[in-house]
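There are structures below to look over.
You will see two complexes here that share subunit A, one where it goes with subunit B and one where it goes with subunit C.
Entry: the complex of A and B
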């Protein structure tokens, strides 16, 4: 209730009171005010049998995941991006969740899928999906971000659109079995310290996961937003590793091996490491640190004219909850605290808003998130100072959108 | 964290400790344990360009909304039902949200849609969707339940499936403009006490709404689960009336008139009233009272055999948050408190679980929800005692599933 109260006062103040609010819609003269029915009320449209599984309105066909052709050799080893500028709230609809594949999407009959658990365990186990679904489930809202989200922006502004700079990101309610329960069923041997996770795709995606994280909050997930996983998200089974980079959320999960040390797989040595200025690589840097971005205005969501605008954005942290988001309109010199929308959940997207009156001047918009552990989203300059310009992973730098006098918005990098 | 701890202890106890948990999966002999890759790992599947807007796996094509042919004259004046037994968590995916239409789904070009606000206001207003979207938005998770959900069950068990007994129910994150802000922009005259809401469908769905509710928590919603409303859910604009019967959540909303008394429309006089035993009708009974149902086991989700089973269900109340859910396995004589899964949000579905060991006996499963205001879900007998057998709306009675010795599950009515 207090959130709604603040919402209203903030809005009325920003819009210049009630008359300002009224200014968002033209006041009608009496003669114009004929509430006659539009044409479409005269047509009896489709009934409840038209689409047993519904689809978006044809008027929304521009709201899609998009990829770039030049990034990888084939669409089977590529990524597409969530249209963040088109989305509201914190839930990403399943049809718009970004995809990243290393060898395409396998077609797995769920009745034939098996999960093997072996290695340093008392009892090697093999689970069918039906057996896994007998375990007590847990449902949790979590963001999933690719470690490479924003990777092309390390050396400067490259891509003109929030769908491309930040769209390797989605957030859904996942449901599955706590991984801990399955490990306890198998019985861990004392030397067990690491898990090997292997996917059933043609890349046999393989990653090492420390046991402490596996026992903490990982899920063997079979559902997202209520329904079974989409094929491209690992149907029928993927690992959910809350707050950690997407690559380790192994999809089409078929094998878990317990061992006493990491496996040093390709995806944690040649890839998904951060090459530092001294030529060494940071490895096993799984955490997605505190981050935020303004999704509206954005290059794809320009300003149509002067006046009131509600700035909208998303914030998230692999450490836990978002504590605060600040917004700057002058490239980081002055900051105003934004309104966070409940529920503010751990390792989950948080929606923020700031009411704003645009007078037509040039503006440098930024957002800066702070999480419950006190970590502050850094500027790109700070990131480059410590990590150089080689990395492509774990870019959680502050994004700047330049608003031009004509209302267009551009991706820029401040010095 | 404490929730997860309880989860685990409850499960291990119910499953008979670690060995019982292991019993959910066959222990393998060493010779059987060959983790060779299944066939589908040898195929390079589709890439990220295959489906710019994704769809469910073809293996899930049985998970659909379903209608019954005999209920109404045409599919344009009918309802279909959400497959609750197939869903996890609290979010209903947009493609599976039940539909109820009175004259089919109009096709409305969003750029042409207008919302009129007139009557007892200082400034009659006409909003385009772009103008409405300039107002500061709010996103909230809410359930939407048709007043007639379970209506066919008033006189006894009729329909054998939770999809049909309780499936006029969905829950999504809605985003829109607080109705209050738009009313303030128009300026309310002192005599204004009621709103008339009119939809742009061929039925011109029309309902009266008291001003106090309009100023409290109603939303002019344009998005659900992050993306724009689906056509069948009112695209481009519907009213969200948290906790109240679905019929008043007017879809394809095109007109709001302010008046000093209700309009006594067809949908609040001839329909959507509760005919009492004395021949009078309760009118303006908008609230969806505290209710719950077990979604698994259910007639569509039988028990495959003896042993561990996690009972899963949903609870909700138009009064606010769910405070507690109890589960009975003996038709209401003894009750055990179920585990509520966070987040527990007001006027939103809440997921509950109870770990259970089935020994193969006949069981009468029930759930009973209690909300934060202390209201308790009644038995059908109590409901009938006060309201008789004429009503079809506002049935929030306790549901009984009879589990037979062969594991099949039936809808029954206890005396």
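Entry: the complex of A and C
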């Protein structure tokens, strides 16, 4: 009752205000009172549970992973790309994380999935998913970049879009068990120096991992961004190898064998080795080195007209944190340091911004990242001087976007 | 710290001759039996560790290859469409278009066995027997002029095969990236556009709106 009394007093006070203002502004006649209200402001929308698992707005249907059909022989052994130009912040939505499979996506019932740990251990062990989830969990944000990200760009500007030049990249919060805890449970023998990681997919993907890295910061992940892994990201279990190439983050992980030497699997010999100009190849090039790219403007995110535009981009390094990002608007002659947005985490995407007034003239945009160890993202020319044009993998060269007078943006190579 | 103390304590117990078969630490996981381990251990190393008993000849491999492999990799391993060639390319690694095959690039014959057995034929993986895998690998090595037509592969002979590019791999001792304070003003770089992705025109069509 007392509440209602207060409401009535409030109403009277407000009405007095309106009456008081009447002397200053004319009161609209009834026919003129037509507040603007679109349909969605008048009609009821769907209720709860219309979509028990929510999806993006139907107006965002263009924000999808895309592939380059001519790259691979089959869609089962192929790759698609994250739409970096459409994303904000540093976290990639689970459904937009790029895919790379060697034999399609297996459908694995979690109750039937087991992890075997054996080889040079005191106690070979088998774990169910339920048992792995009983370990004290750890959650960490890390980027995952395919070693071949930018692999089509070694010889020059080839694909006209940041989704295709840089989109074999995602960054999520992974949750799982530190690999060290599981290895300790099995008890390492003194001769153990390497791990073999094997997937349960129809490629039975295998890689060798040095023990020091396994004990340092690797994670047996069962969740990403708070929910269980997506099937295409390794459900129910994948390895997280922070800062290292995506291929070694074995998905659908079912077996870890400890040994005294690497296995020299197909994925670390015939593939994922970097061919140098002298015809020899670097092997065990696991680290994803310091790199950055402007995600807006980009070929898919052109300028509408001159005036203000915030240049947005991403930077990352497998060595640790990003220390600084510089942006050039004249093809690398002069640089301005960009603003890094917290959090700046190790081996994680870092968002950078630079406020900019576009004069309407032609501009050559570049970004250059520097990591906490002092490594500087190189120009393609510097990279090619030592590595040639045939490594396929580990292209961390500076990207140039040419902004044309009509506001279109394109992938160009300078030289 | 607590975790390490627990681990050390359990290790001490084990060292004292306690229950070696019991899981350590948190007690999670159950012991894997030798049969379970054997059933899942298919990895093969260059020293031959992991190779099973069995054998296969070049002649047997040719028949199996035509049956299971040629549709994608070509009758003579020359490749088909975007499926990779399995032979040729020797001496091409410094070329503009290097061809990486077992004969030109792969360092170890044992890796061929491991990969064929675990991943091939594409879409019907782990369907070949050990004998069949030895035979297919023998034929692939013969296609690459690495072994003679009468070669028979087995757990002893395969690790002894030396592939032409075995010495073609190395590990970089130091990173080769620039380090330190980079140029910020009037840097001496070329800003001439020498290539445009739009001109190459291989980007997939994209619905813009």
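The criterion applied here is as follows: the second predicted complex is superposed on the first by the 380 of 415 C-alpha atoms of A that agree within 3 Å, B and C clash if a C-alpha of one lies under 4 Å from a C-alpha of the other, contacts with A are read in each partner's own complex, and residues count from 1 in each chain.
Note that a residue touches a chain if its C-beta (ideal position, glycine included) is under 8 Å from a C-beta of that chain, and two chains touch if they have at least 3 such contacts.
Everything numeric in this text was worked out from a predicted model, so none of it was measured.
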item: Touched partner set for A:397, first subunit B, second subunit C, both or neither; value: neither
item: Partner chain(s) touched by A:137 [first = subunit B, second = subunit C, both, neither]; value: first
item: Which superposed partner A:242 touches (first subunit B, second subunit C, both, neither); value: neither
item: Partner chain in contact with A:167 - subunit B first, subunit C second, else both or neither; value: neither
item: Partner chain in contact with A:312 - subunit B first, subunit C second, else both or neither; value: first
item: Partner, of subunit C and subunit B, that touches more residues belonging to subunit A; value: B
item: Touching partner for A:263 - first (subunit B), second (subunit C), both, neither; value: second
item: Contacts of A:273 with subunit B and subunit C, given as first, second, both or neither; value: second
item: Contacts on subunit A seen with subunit B and repeated with subunit C across the two complexes; value: 66-67, 74, 76-77, 103, 116, 118, 123-127, 131, 134-135, 181, 184-187, 202, 204, 254-255
item: Subunit A residues within the subunit C interface of the complex; value: 62, 66-74, 76-77, 102-103, 116-118, 122-127, 131-132, 134-135, 156-161, 164, 181-182, 184-187, 196, 198, 202-204, 206, 254-255, 257, 259, 261, 263-266, 269-270, 273, 275, 277-285, 287, 289-290, 299-300, 326, 330-335, 364, 368, 370, 373-376, 378-379, 381-382, 386-387, 390, 396, 402, 410-415
item: List of subunit C residues in touch with subunit A within their complex; value: 3, 7, 11, 14, 20-26, 28-32, 36-37, 40-47, 49, 72, 81-83, 93-94, 98, 100, 105-108, 110-111, 114-115, 118-119, 122-123, 125-126, 168-172, 175-180, 182-187, 189-198, 200, 202-204, 206-209
